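The following pair of complexes shares a single chain, chain A, combined with chain B in the former and chain C in the latter.
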Partner chain A sequence: MITFTDFTYAYPTSDAAVLRGIATEIPDGQLCGLVGPGGAGKSTFAYAASGFIPHVMGGESTGGVSVDGRPVADTPLSELVAQVGLVLQDPFNQISGAKFTVREELAFGLENLGLPRAEIIARVDDMLDRLGIAALRDRSPYELSGGQQQLVALGSVLVMRPSVLVLDEPTSQLDPAGTRLVFGALDEVRRTGITVLLVEHKLEQLAGVADRVLVLAGGELRLDGPPETVLADPRLAEWGVGGTRFTEAARRAGDRWPAGRPLPVTLDAAVEGFAR
Partner chain B sequence: MAFYQAGDSRVHRLNPVTKLVFALVLIIAAFAINVVWWPAVLWLVLLPAVAASGVFRPFMSRTLRYFIPFIALIFLAQGLFYPEGGPVLFHLGPLSVKVNGLLFAAQTALRLLVLIDAFLFLLLTTHPGLLMSALTERGMPPNISYVVSATLQIIPTFRARAQGILQAQRARGLDTGGGGPIRRTRSLVPLVAPLVLGSLTDVEERAVAMEARAFGAPGRRTSLAEIPDSAAQKAARWLMWAFAAATLVANALGVVS
Partner chain C sequence: MISIASLVYAYATGTTALRGVDLEIGDGELVAIAGQNGAGKTTLVRHLNGIFTPTEGTVTVDGRNTAEHSTAQLAHTVGYVFQNPNQQLFARTVRAEVEFGPRNLGHDEARRTELVTWALSATRLTDLAGQHPYHLSLAERKRVALASVLAMDTPVVVLDEPTTGQDHAGVQDIAAIVAELHERGKTVIAITHDMDFCAENFDRVVLMADGRVVRDAPAREAFAAPADIAAAAVEEPQMLRLSNALGLPPAITVDQFVKEISR
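Our next item is the complex of A and B:
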């Protein structure tokens, strides 16, 4: 569970708060999406949820953030990373550079935690199978496609068995095939019951996996609710978030969209609505 | 990675630390004893080990490639400019080629041959990842291991990034093809700033990614790789260290000269 308690934050290089009065709770096992325009503070939100704010980025804050009841500011980062996994945008930059094969790359975090070899082997081999990348095990991480590299980054974090996973736009630099790979893996991840915070621009894919969506604009939380309600909200355009193609199609269809039926945010909902 | 030759010989299967100690001891011994032919004996000791590991051809080809420029330079410098006196073999204009200069050049060249080839043998038969794991397991700071491993892989990383920048520059009309070497080198100058600045920007994100995988965690690291070791290898390492110590003592006491 991730809890933000009236959290306000400014980076050390600026007096202006990037996040203002954030108060929300992401309960255990929920996959919560976070959307917003560029500069809304989404990455800052992700860093705060994973403890890199304040441990690495520093800065000034009021209020607090806790994970599973432990305030992140009071928990050493080396302990926190075993509890909260963080996956970033650029798959290339997440390759450690210290390892020569995918299998070794997945083991990197576990080696740093000092786990016994037998457990490292069991966890790594299990993760390779679960993410469907066992065939890549002896390849260099540098030789993989962007989507495959992002799966390796995801696996490298999941193998540490965190209770919370934070992903900061994990598909922003991927092509459609890579995006499908990552969302396929996320679908698998959600079945494990892990709590997920997913910062994502690709609203249609997000609508397919999220239990709940938060909208962040100008450093403040503006909307909070199920994806079918939040992603169909007409104010999204006003905040620079846009909407899904399905919502837009139904909106433009006018009378052809059944009266009183909520606007769709997924392909299935759109097909069902237009079929009536 | 550029050196390592995959294989399954007994030498490949040795603990990397045993091979590292072997290399270090050969080098210490080569420099400890001040006799011209002594490093040649040590180099001959190295050859059966190279042959047994099945890397003889790459070993010899790299030795020639890296070593010949050194030999030429050493003989040229010491042969012509040896500062101390002694019998002169022949004169070359104002310069004179001295016997002592050539002997000194031969000894220096042989010592360097042992130094280069001892490490070449280690690198050809030991996967760098396994070597770093073995050393980290023995208490070497993980930062050092990281720097060595990352340096070995930095070339493909840089090449990939440079290729991306080059394509972007070409798409905007930069002509990087054709012309002589000077023109081609000059056309690569616009790559330098984005390559260096881009790499510096990446450092921050990479540091976060590394911390997210507990790179800064205190305590002893473990390793996925099983690093083979045996009582015989431990004994061999002690014996090798004893040999290195003996050569240093012999040199200090002036036993061999």
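Our next item is the complex of A and C:
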């Protein structure tokens, strides 16, 4: 569970607040999407939800952020890293630099937790299989493509079995097969009761997997609700988020879309509405 | 005119990345190249400016065999925007980065200023021109890499996954840049995983799998063969999935779909 209580934040380099008055709670087992235009504060939101703010980045804040009921500001980073997994936008920044193979890279966090060797090996090998990267196990993380690095970064976090998982555009460099793998893995992770916060630009894909979607624009939460309502909201365009192509098609289809029917955000909803 | 004949490329490690590619691309064409990671897309386009030279076969650009010309010579013709901007950026300010190419190509100062101003404005970087590229977000750094190639004003522009990590407005900007390059008569070749972006902005689609071209067709016909879609491991455009599910003639963009459903 992630709880934001009237949270306002400015980076140390600037007086301007990047997040303003954020108040929301993301319960256990929920996959919550976060969308917004570039510069809206999405990455900052992700850093705050995972304790990177304030522990790594500092800055000035009012209000607070808690994970599983514990204020992140009062929780030592050494404890937070076992509780919250953060997958960064640029996987290159996430690779430890301390390890020579993908398998060792995935084991790195678990070694730091002091887990028994057999447990580490079992968890790492299971994760390599689940993410479809077992063939890369002996390669250097630095020799991989951006998409492969994204899968390694995700694996190195998931293998820690955090109670909260925060991902900043984890599929931006992946091909469709890799994207499906990641979304499939996240769906599975959510079922185990983990709270997932997913920053994502791919609205059609988000609509298919998210329980809930938050819209952030100009540092403030503008919308919060189920994907079918939030992603069909006409104001998304003016906030620079765009909309799904299904929504646009129905909006422009005139009387071919049944009057009064909510606009679709997924293929299934579009097929159902147009078939009438 | 770009002409690729029987191109085979093997890395020094022994991995064969291209296994016999034949492709002709005419001046002013808009071509998207798609296929799963590892299909050989990036290896293929890196032959156009001589970063790679063929193990077998030939690549000619404007009649010049790329194996017989340096990357510096070919840079006058082919501008290549890397997928990962970190491999491309080195200057201390965005403006210096964008000026580097046109200066190197020997454009005079007036022309240089004109090109740099246009490239910065097209990529919405004018206000960030004095920043260090590494102080920018990844999405912004990608736009710097794009601007630095636009400013070289080459007849051929190759974009390697230009939309990754871009928000909605960023993708629209790149679509507008592609359209403008097309209007200026440039050949634009883009590698992309985003089949909707591909459907909406490119005339021709080349699908690759395992080092080969499995389909090369006008965009609206490129997705017609499920076996090729599966081989290239790409997704059908959203509107094609919708029109297929409704039994309508294939539409790959919202415009086409709205026309079909309104008949």
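Operating definition for what follows: the second predicted complex is superposed on the first by the 264 of 276 C-alpha atoms of A that agree within 3 Å, B and C clash if a C-alpha of one lies under 4 Å from a C-alpha of the other, contacts with A are read in each partner's own complex, and residues count from 1 in each chain.
Quick note on the criterion: contacts are C-beta pairs under 8 Å (C-beta built on N, C-alpha and C of every residue); 3 or more make two chains touch, one makes a residue touch a chain.
Keep in mind that this is a model prediction, so the values were computed, not measured.
Participant: Label the relationship between chain B and chain C on chain A in the superposed model as either fit or clash.
Facilitator: Superposition result for chain B and chain C: clash.
Participant: For A:L214, decide between first (touching chain B), second (touching chain C), both and neither.
Facilitator: neither
Participant: Between chain B (first) and chain C (second), which, if any, makes contact with A:D175: first, second, both or neither?
Facilitator: It touches chain C, and chain B stays clear.
Participant: Determine, under the contact definition given at the top, whether A:L267 touches first (chain B), second (chain C), both, or neither.
Facilitator: second
Participant: Quick check for you: in the superposed arrangement, does A:G147 touch first (chain B), second (chain C), both or neither?
Facilitator: A:G147 contacts chain C only, not chain B.
Participant: Pick one for A:H201: touches chain B only (first), chain C only (second), both, or neither.
Facilitator: A:H201 contacts chain C only, not chain B.
Participant: Mind working out whether A:A17 is in touch with chain B, chain C, both or neither, as first, second, both or neither?
Facilitator: In the superposition, A:A17 contacts neither chain B nor chain C.
Participant: Which partner does A:D90 reach: the first (chain B), the second (chain C), both, or neither?
Facilitator: A:D90 contacts both chain B and chain C.
Participant: Which partner does A:R117 contact after superposing on A: first (chain B), second (chain C), both, neither?
Facilitator: Touch status of A:R117: first partner only.
Participant: What is the contact status of A:L128 with respect to chain B (first) and chain C (second): first, second, both, or neither?
Facilitator: In the superposed model, A:L128 contacts neither chain B nor chain C.
Participant: Taking 45-53, 81-89, 171-179 or 189-197 from chain C, which overlaps chain B after aligning chain A?
Facilitator: The one stretch of chain C in steric conflict with chain B is 81-89.
Participant: For chain A, give the residues common to its interface with chain B and its interface with chain C.
Facilitator: Overlap of chain B and chain C footprints on chain A: residues 89-90, 92.
Participant: Quick one: in the complex, what on chain A touches chain C?
Facilitator: 36-38, 43, 89-90, 92, 145-148, 169, 172-179, 201, 204, 240-242, 244-246, 248-249, 252-254, 256, 267, 270-271, 274-275
Participant: Across the complex, what residues on chain C touch chain A?
Facilitator: 36-38, 83-84, 86, 137-140, 161, 164-170, 172, 193, 195-196, 233-235, 238-239, 241-242, 245-246, 254, 257-258, 261-262
Participant: Tell me, which parts of chain B touch chain A in their complex?
Facilitator: 1, 127-129, 132, 142, 145-146, 149-150, 153-154, 156-157, 160, 202, 205-226
Participant: Spell out the residues on chain A that touch chain B in their complex, using ranges where they run on.
Facilitator: Residue list for chain A touching chain B: 47, 50, 52, 56, 77-78, 81-82, 85-90, 92-94, 96-101, 103-104, 107-117, 120-121, 124, 140, 142, 153, 156-157, 160.
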